[in-house]
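Questions regarding the structure given below will be posed in turn.
In order of appearance the chains are A, B, C, D and E, and numbering begins at 1 in each one.
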Amino acid sequence: MLTVLLILIPLVAGLVTFGLKGSGPKMLGLIASLASLAVTVGALFQFRTDPGAAALKLDASWIPQLGAKFTLGMDGMGLMLCLLTAISFLLIFIVIYNREYERANSFYGLMLLSQAGLVGVFTAYDALLFYVFWELALIPVYFLCSLWGGEKRIPVTFKFFVYTFAGSLLMLVGLIYIYLQTPEHSFSYASFVSGAVSPEDQSWLFWLFFVAFAIKMPVFPFHTWQPDAYEQSPTPVTMVLSGIMVKMGLFGVVRWLLPVLPKGAYMWSDVAIVLSIIGIIYASCIAIVQSDIKRLIAYSSIAHIGLMSAAIFTNNEQGLQGMMVQMFNHGVNIIGLWIIVEIIQNRLKIKNLNEMGGIAQYAPGIAIFLVVISLANIGLPLTNGFIGEFLMFSGLFQYNVWFMAVAGLGIILAAVYTLNMVQKVIFGQSNALTETTTDLKANELVVLIAITGIILVLGFYPKPMLELVSSTTELVNKVY
Amino acid sequence: MDWFFILEKIALISGVLAISLVVAMYSTWGERKVAGIIQDRLGPNRAGFMGLLQPLADGGKLFFKEEIIPGNSNRFLFILGPSLAMIVACMTSAVIPWGDTLTIAGRTVSLQIADINIGILYIFGVVSLGVYGIMLGGWASNNKYSLLASIRAASQIISYELAMGLSLIALLMMTGTLSLKEIVDQQRHGGWNVLYQPLGFLIFLVCSFAECNRTPFDLAEAESELNGGYHLEYSSMKLGFYLFAEYINMFISSALMASLYFGGYHFPYMDSLGWDPNIITILGTAALFIKIIFFLFFFMWVRWTIPRFRYDQLMRLGWNIMIPLALANMLITGAMVLYRSNAQ
Amino acid sequence: MPVQYYIFLSIVLFCIGVMGVLMRRNAIIIFMCIELMLNAVNLLLVAFSKMWADAGRVDAGGAQIFVFFIMVVAAAEVAAGLAIIVMIYRNSQSVDINIMNRLKN
Amino acid sequence: MNALISTALSGVVMMFAGLLIGNKQRIKIVAIVVLLVAFAANLAELSTLGAGERTYYGMITVSHFSILFNAIALGATLIFFLLSGSAFEKVGEHVSDYFALIFFILAGISLASTFSTLLMLFLAIEIISIPQYILAGADKKTPKSSEASLKYFLMGSFSTGILLMGIALIYGATGTFNVAELALGAGKVNTLALCGIILMAFALSFKVSAAPFHFWTPDVYDGSPTVFTSFMATVVKAGGFIAFIRIFHGAFVGERLTADWQLLLAIITAATLIIGNFTAVFQQSVKRMLAYSSIAQAGFMLLAVISMNTFATQGIILYAAAYSVATIGIFAVMIKLKDYTFDGFNGLARTQPVLAITTTIFVCSLAGIPLTAGFFAKYFVLAAAVQQGNLLWLVITAVICAAISAYYYFRVIIAMYFKQGEAETEEINGGFKLMLIITAAIVILLGIFPGLLLQFI
Amino acid sequence: MFTDTVLLSATTPFSYFPIVMQLVAALGFVGITMIATHFLGPKRKTSDKLATFESGIEQKGNARQPVAIKYFLTAILFVLFDVEVIFFYPYAVNFKQLQWDGFYAMLIFVAFFLCGFIYILKKGALKWED
């Protein structure tokens, strides 16, 4: 029941929002995201007391001819991502509360619809349902980017859309194939993981799924849409894209690839990891020379995601655990970064790093939070990023020490570009433009404090998060 | 190889063709004579007794006339037109049963050139080709009158062909065969078809007039409007062929009507005479010719009695009256035949 | 005559028709070639009908009925086609299909 | 059988309606009423049919499948009449005749879904085709229309000739026209029959505009009056596919035989998909884009033809419904526009938001986005092909082509929502908008619950 | 092969043999006559003689120009109705075996025939006076 509510609240609110005027959309968006967060927290408590509770599940008839059912459910990972979604949307809505968007009703409506789609992806326990939500999460984002994005938004968003659409269609073929292999012709998760697919089939099916997920994450060489899309999208949408939507790809691998095609994943794990590591190094190097702050963060995201995707395929518990924790933490961190960027952009209307500088003098609040979040993003100990990265590296170490060594370079490079960015933005020579920077408003302050709070709490005390995902990790490792 | 069969057929074909031509020639004479009688004048009376040699003189003249092919006509089609008309006219006689069988020196000789089981379809097929002769001639002449006449003729002929076909269907429902020979033989005992199919016969008769371009349906040759119609540019024997073809068609139409509706070579009481079959056969053929001559006379009689239709009247008669009438006739016939066969 | 003769004849006729359609530019002639194709099929069907009747199939007459239907449909096509060609001719004073490339972008 | 009779009679009724009724609005109402009657008559047959199927005189076999398909064809036509019926007046004077011709086409389609001998197949194809030649040339004022008509006519009758040759050869090889008997005797395949099957495959590919026999399609669809293009590209094409799938699934089965034509058709399918999609990308006119998209969609429907399983039959039904309804909707909107190029759609979202949002739904359906009927349509045909096993290369091609298709379909959305401009439309009344919304609702409903349709098979 | 029975029985292609003979005879007659008259007649060609006759006035343009559409219409209608009539022939021949069932079927056929017929009449396809 709670799960359905999680989808229904943003869905209904989103549809209603289209008809609202004035400040109605803002209010409704805020209320809906608050409600979502409340429900998620409720679900969290429910999960802690009884993971198999009926309240977390739904099993309704949908298309009997196909053996597809409307099955929703939550495990630790799904719940964690739902929590991330709920928190992120709430924070985003708070940050942009005093921004004025043209056709605000459509904007908020589409945002809420995308939230519904995302929650659906994270909770679907039926392959066809998963696919449907997977696509549905994309459509509102497509419209959001195309309508409110930058100058080159149309071709860029279109590229993003066609890429992801092509990937998901390949996945559809894979889904159909596995569906036909299942003895009872069913799309249910249980049938999918029952091991009906022969090893030979798994070998090529792996690629149908991997390409779809890799495009979404994105992993080298499927990443080319991403920097442009991040740059051209309106920043709130970029937050959704980078904070939550990329997690769809990682989530997909953990939920629908590893358990369903374990042999395929085992067979190709080397290739997948190598691709991911190439992505880390490649993206980091490009990030170093970027002068556009949005592109810089975009490339840094590719690098981080690369590490996570490498960790997934390490085939051991540490790697997987680290990656799961990092999904949440990376989401929070990168949204934090984007919020800072959004704030700076809102004040200065520029994106070029070289034109910035000296903000610390005029807006110390921004500077402090930027530093904290950046450090968390690098994975400094005692921030939330550390535990995840540590576990992932140890997983990678167990898999192959050379892989770890190369991936470790990424950490150093990340430190280089992140600190470089921090330095250029908040320190250095101020100029006429940056001198006008005003410090944080109340809503921004609240959001950034919340994010910093999460960073620090989870940095000191990651245990609850690890416990939350442990059930999923064990499950995956069992079949893997 | 049965050479006698071939010889017999050659003799028969030559005979039928010769008779067709002779009848056609003397039809021209007859026509003028009938006109004379109806209009209370003499008609041809110089060449021979009562002008009986007049057709020969006319024919000879046609042979020796200058042959003119207009400069901007299509030469090949110009010649093909009349040839086709004539060939078609000569071909229709192949399936008409001119008489019963003769027994000569122990051999049974049929007085029908080809007894095929789809005789009526054959006639329809061949007659349909006849319109090409007129169309080609009119078109090849490259003359506005000719073209208009040939198009008129074509429209008229095809329009009446529909009603003709439909009227025949009623007859076929009664006879159940497409073979002319069988149709004729069925009338030997059951009485002539005209008794059962008066309306059908009437429609057939009217359509025959139209098919042969005879007055009152001779719009294709309406001198007052079209200067002579589709053969305006023709001379010499090519003109002769068109004229001959028209008279042969009349002859064949008469033979067809006689065969289909009036018992063909049958005459009353022929079975009760008890004479030699050969004599009966010859008498039968004579009876057929008497019927044919009557129809030929009727063609001429009508020509000199009834004025020409207007074109719209002609088409309206064909489409709006003849076709529905023929359909109704067909349905009524069908219902009657079925009702009677079930009552028995 | 053996049925192969008929098959051969009608295939030849059919091929002539096909070549005509593909190579001629005059709409009327293309149209006539199509009719030739249809009639080749008619001939073939009748020949096959006879062949199967000789082979003892009682329903072989069905092929001849088929021929009837082909004729009727061909007539309907003629009606539609001639009307279209007349319309084209009145519009453009030509029935050459080469001039009809206004539709090509 | 009911559908056949009622549509044929409806055609006659419409012929005479034009003579008796002068008011064009009323003629449209009469057409809708008789169509509803036909629809009801078709469904009424379901109750008398029972579980199995019924054969009439060995000529026609009525089954649940055929009734369902007829219901879809009639339903799509109903939507077409309601959305675009008033656009008939723009084409020419003879509104009632256009309606009559469409009813005759429907009669042909119902025959195509019920034939059980090759004779009826031939008649069905011809009854569908001949009225289309006339509809294509209905706009006598524009030379483009009559050219489209002539082109369509020549190509159509040429393919008829090829179809007949195929039928004749198959008859020569097997001695029967009966579909069921053909299937029984399919084990002993000889060259004659194989030639026949190939010719029939070519001819039917022609009729459904599959590559490389598609070249007439863009010109004809572009030249024909737009309102009729909408019908020709949708319901009629679906009818062609029904004939295609019924003959190939019904008659040409058998292990070796199926393998023989399957490869041929697979190549045709791949060519159709690739050519249709890639060429559609380069079109500047939405009408022409839709013409190519119809070729591309034909490629997907061909996937169902080459797959011999229940997914294929379900898929073709769903595809016919989804594709027809969506395309009719887009065309209905397009007819209201002044300019048929992509630029003509610029800014439609601002001037006519209802039109824009419904068009978006239709376009998404064509692209196969989930929650629209088009998704499940694509899903089923893909599933059918995947289940076939040996055609995975084709499935991957199809999927890539589907992604490409999103490119040109979304250009419409981009134009409507993201481009500046004032799309000029005719006056649009509330009834039209309501119908559009209902149509879009149908698309979405089928997109969520495809079982609504499939349960009837 | 050319036995009496083969030649006289009505169902073989050989029954058509006499027709071929007659065709040859007709062709021969027409051909010979044509050639004969070609040589028999005088030949004194002048340009006036070869000109198209237009009641004595100057010839104007080409005769081959479009004529009234009515004639085409008649031709097309003939084609349509004639093939419908074709269907009556096999029916008429088998009419007695088919009994009332066949008759009812034919009634339906005639009804459709009439529908088309009345339609074209009402549409004025055959109205010549305008």
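One rule holds in what follows: a residue touches a chain if its C-beta (ideal position, glycine included) is under 8 Å from a C-beta of that chain, and two chains touch if they have at least 3 such contacts.
Molecules present, by chain and UniProt name: A = NADH-quinone oxidoreductase subunit M; B = NADH-quinone oxidoreductase subunit H; C = NADH-quinone oxidoreductase subunit K; D = NADH-quinone oxidoreductase subunit N; E = NADH-quinone oxidoreductase subunit A.
Keep in mind the model is a prediction, meaning the values are calculated, not measured.
Tell me which chains count as touching both chain A and chain B.
none
Which other chains touch chain A while also touching chain E?
Output, common partners of chain A and chain E: D.
Using the touch rule from the top, point out the two chains with the most contacting C-beta pairs.
Result of the pairwise contact count: B-E comes out on top.
Please identify which chain has its centre, taken as the mean of its CA atoms, farthest from the centre of chain C.
A
Using CA atoms only, can you tell me which chain is the most central one in this structure?
If we average C-alpha coordinates per chain, D lands closest to the whole-structure average.
Quick one: which chain's Cα centre is the longest way from chain D's?
B
What is the distance in Å between the mean C-alpha positions of chain B and chain E?
Distance between chain centres: 14 Å.
In whole angstrom, what separates the CA-based centres of chain C and chain D?
26
Between chain B and chain D, what is the separation of their C-alpha centroids in Å?
Taking the mean C-alpha position of each chain, the two centres sit 53 Å apart.
Quick check: how many Å separate the C-alpha centres of chain C and chain E?
Averaging C-alpha atoms per chain gives centres 20 Å apart.
Among all the chains shown, which pairs meet the touch rule set out at the top?
Here the touching chain pairs work out to A-D, B-E, C-D, C-E, D-E.
Per the contact definition, I'd like the list of chain E residues that touch chain C in the complex.
Going by the criterion above, the answer is residues 66, 69, 72, 75-77, 79-80, 82-84, 86-87, 90.
Using the touch rule from the top, collect the residues of chain D that touch chain A in their complex.
For this pair, the touching residues of chain D are 314, 364, 367-371, 375-376, 379, 382-383, 386-387, 392, 395-396, 399-400, 402-404, 406-407, 410, 414, 417-418, 449-451, 454-455.
Which part of chain A faces chain D closely enough to touch in the complex?
So the residues of chain A touching chain D come out as 62-66, 128, 131-132, 135-136, 139, 143, 146-147, 153-154, 158, 161-162, 165-166, 169-170, 172-173, 176-177, 179-180.
Across the complex, what residues on chain E touch chain D?
112, 115, 118-119, 122-123
Which bits of chain E are touching chain B when the two form their complex?
Against chain B, chain E makes touches at 1-4, 7-8, 10-11, 15-19, 21-23, 25-27, 29-31, 33-34, 36-38, 40-45, 47, 49-55, 62-64, 67, 71, 74-75, 78, 81-82, 85, 88-89, 92-93, 95-96, 99-100, 103, 106-107, 110, 113-114, 117, 121, 126-129.
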